[in-house]
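Chain IDs A, B, C, D, E and F follow the sequence of writing; residue 1 opens each chain.
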Amino acid sequence: MAKKFMYMNTKAPYGTIYALESLEVVLIGAAFEQDVSLAFIGDGVYQLTKGQNTDGIGMKNFSPTYTALGDYDVNKIYVEKESLEERGLSLDDLQHLTWEDEDEDWAEKDSIRLVSRSELADVIEDQDVILSF
Amino acid sequence: MAKKFMYMNTKAPYGTIYALESLEVVLIGAAFEQDVSLAFIGDGVYQLTKGQNTDGIGMKNFSPTYTALGDYDVNKIYVEKESLEERGLSLDDLQHLTWEDEDEDWAEKDSIRLVSRSELADVIEDQDVILSF
Amino acid sequence: MKLGIQINEGPYQHQSSDSAYQFAKAALAKGHEIFRVFFYHDGVNNGTRLAVPPQDDRNITQQWTELQKEHNLDLVVCIAAAQRRGLMDEDEAKRQGKDANNIAEGFRISGLGQLIEAGIECDRLVTFGA
Amino acid sequence: MKLGIQINEGPYQHQSSDSAYQFAKAALAKGHEIFRVFFYHDGVNNGTRLAVPPQDDRNITQQWTELQKEHNLDLVVCIAAAQRRGLMDEDEAKRQGKDANNIAEGFRISGLGQLIEAGIECDRLVTFGA
Amino acid sequence: MATLHTVNKSPFGSSVLDDCLGLAKSGSTVLLFEDGVYAATTGTKSAEAITNADGITFAVLGPDAKARGVEGKIADGIKVVDYDGFVDLVAEHDKVHAWL
Amino acid sequence: MATLHTVNKSPFGSSVLDDCLGLAKSGSTVLLFEDGVYAATTGTKSAEAITNADGITFAVLGPDAKARGVEGKIADGIKVVDYDGFVDLVAEHDKVHAWL
């Protein structure tokens, strides 16, 4: 039976490598056919901002990879509302992440689920394994 | 002419190595005959607590080294009052650090100077080089 | 109980590896099984045999090597993280055309799938990091 | 102006070394002198020649090696910090009875006094860390 | 599913304990270890918050508190455990959520 | 002696910016770089605090803000500099105080 895996993303990109190396685990983990969710809380929500351009800092811009998650069947992406608001951000500031639903003739659906802190707590409660980054 | 060097100690001991490796710089630096001060602010004040005992965590207890600083002519040790208070600590919770004043027949004097945030700001203002740990 | 351990920080700089080691020792003493210790991020640096810590301090890598020997632990260093940071074994050094390797006895290099597998196989995954 | 640079974190895990590199390049382009770059704490791990980062990413150590060559930079790795973490040159490997070394071209290993000296000699000391 | 939350950062320099308490559900346990032990020391805002947290159990890793010289300052009602106790907490809960 | 303070941490996860502002004297400059750039983005408490700080000049490292996709969100009145500007700030001040 598949286990429920949740990747907890709590850190901003580029300042540290955790965001990038978390994404690398997600991509590899997708092959294991478990029930995968990603959560972005705190500074982790900054990972999903639109318009990242790393030309000036000499680092690799890995933000396009988030848009590929749908192709890996990773489509439960929880973003905590309170974390966004505290940072003066809204969903419009984030990349538009989608996936295609095989069961509905490949209809394109949103991957991001904007949830309140208490809704997210319920989702986490229901997980089997938490991977923290 | 000697420069005024200030070591800014801002982190708790053991959780990270910065406190220990800062102390190693101070000991080496003492040979260079500069005008040396140490400041302990924020979680840095925890470096000076009495009664540290690392037997249970398998790490080296380096807190006795602070008491040797006087022998290295390192005797200007500033501890920020507000940082102590916020942590429920008082001077009594810290090690008693002393030095012997050659000019006064080796009289034993206190090395720790308890200063307010604004007094410390003035001291820092007066420094030439800040080494941050 | 079957436990998995993940270590995200290098030796000495953070307490993570020390805490994980103390935890692992206690778990083994209580009869738990440690399915795998997975070294990720800077955690891969725990696996170098070139460290020479001061005589009066612990040798973190050696502690892991000895615990590995005693309990036949599976100490896995993530290859992707290791490549970035310069931790390699003999095979990897050959493949990459490097003239030296630095992995310590008792550690092996493998892929990220080993972490996922630990998550699947273990009753609990315990992560030590910063 | 004479500048000293201190780097406290290893490559990739934190941006410190990247920021210091960009800063150093800009300072040199403006005609400033870089008296020394001192690698302390995990910063010593910037000096390994065994890293093999992904092809589409920067190679931090190589960037420093090239900048060193171009400007004859003094890249100093702290010996005490390096010993703890397993960064060594050939001499040090011999002294410690190790069968390999891993220091990259352009870096040298020396004592903490080199940091103090940088503080004394430089007009400004700029620290990059976490 | 009862969760064991682990927190290893000082509450003064980092928001991690607050982040954890914001998401921890009633019935879960928070283990404070490494620099996280300072959160449980008397005379601090964090110890007050901990003491007033409803439905959450707190534990402190004794060896870490002792190393830091604050073993005698752990607020009343907070359980102190050693590494054996840490292992037991892991076994007794359904999963471990490390707050990094 | 005018000081350049450098802050590279997010104000949400770390107390470093607050610690810096508590000790920074009038006439000094605070450079926000790496994850520190988020502190200057509109709609945050930190940007408000920065805008109201008396006698302290703030600057943001543009390349870091751009990398993070927040270049267009830097609050009005905060100077954006590139690495050249970072070097100039270092040269123009008497010393650099890195807040780590």
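A few comments on the model shown:
Here is the rule we use: a contact is a pair of C-beta atoms (placed from the backbone, for glycine too) under 8 Å apart; a residue touches a chain by one contact, two chains touch by 3 or more.
Here the structure is a predicted model, which is why all the values come from computation and not from measurement.
Counted as hops between touching chains, the shortest connection from chain B to chain D is 1.
Shared contacts of chain E and chain F, meaning chains that touch the two of them, come down to A, B.
If you average the CA atoms of chain C and of chain F, the two centres end up 38 Å from each other. Annotation: 27 Å between the Cα-based centres of chain A and chain C. In whole angstrom, the spacing between the mean C-alpha positions of chain D and chain F is 25. Within chain F, residues 8, 12-13, 15, 34-35, 63, 82-83, 95-96, 98, 100 each touch two or more of the remaining chains. Residue positions 10, 14-18, 42, 57, 59, 129-130, 132 of chain B are each in touch with at least two other chains. Shown for chain D are the residues that touch two or more other chains, namely 8, 12-13, 15, 19, 22, 41, 54, 57, 125, 127, 129-130. If touching chains are joined by edges, the resulting network of the protein chains shown has some other shape, matching none of path, cycle, star or complete graph. Every pair of chains meeting the touch criterion is listed here: A-C, A-D, A-E, A-F, B-C, B-D, B-E, B-F, C-D, C-E, D-F, E-F. On the chain B side of its complex with chain D, the touching residues are 3, 5, 17-18, 21, 24-25, 28-29, 31-32, 34, 129-132. On the side of chain D, the complex with chain F involves touching residues 1, 3, 8, 15-16, 19, 22-23, 25-27, 29-30, 32, 124-130. For chain C in complex with chain B, the touching residues are 12-15, 18-19, 21-22, 54, 56-58, 63, 130. Note for the complex: chain B touches chain F at residues 8, 10, 18, 41-42, 82, 117, 120-122, 124-130, 132-133.
Put simply, chain C touches chain A in their complex at residues 6, 8, 40-41, 80-81, 111-113, 115-117, 119-120, 125, 127, 129.
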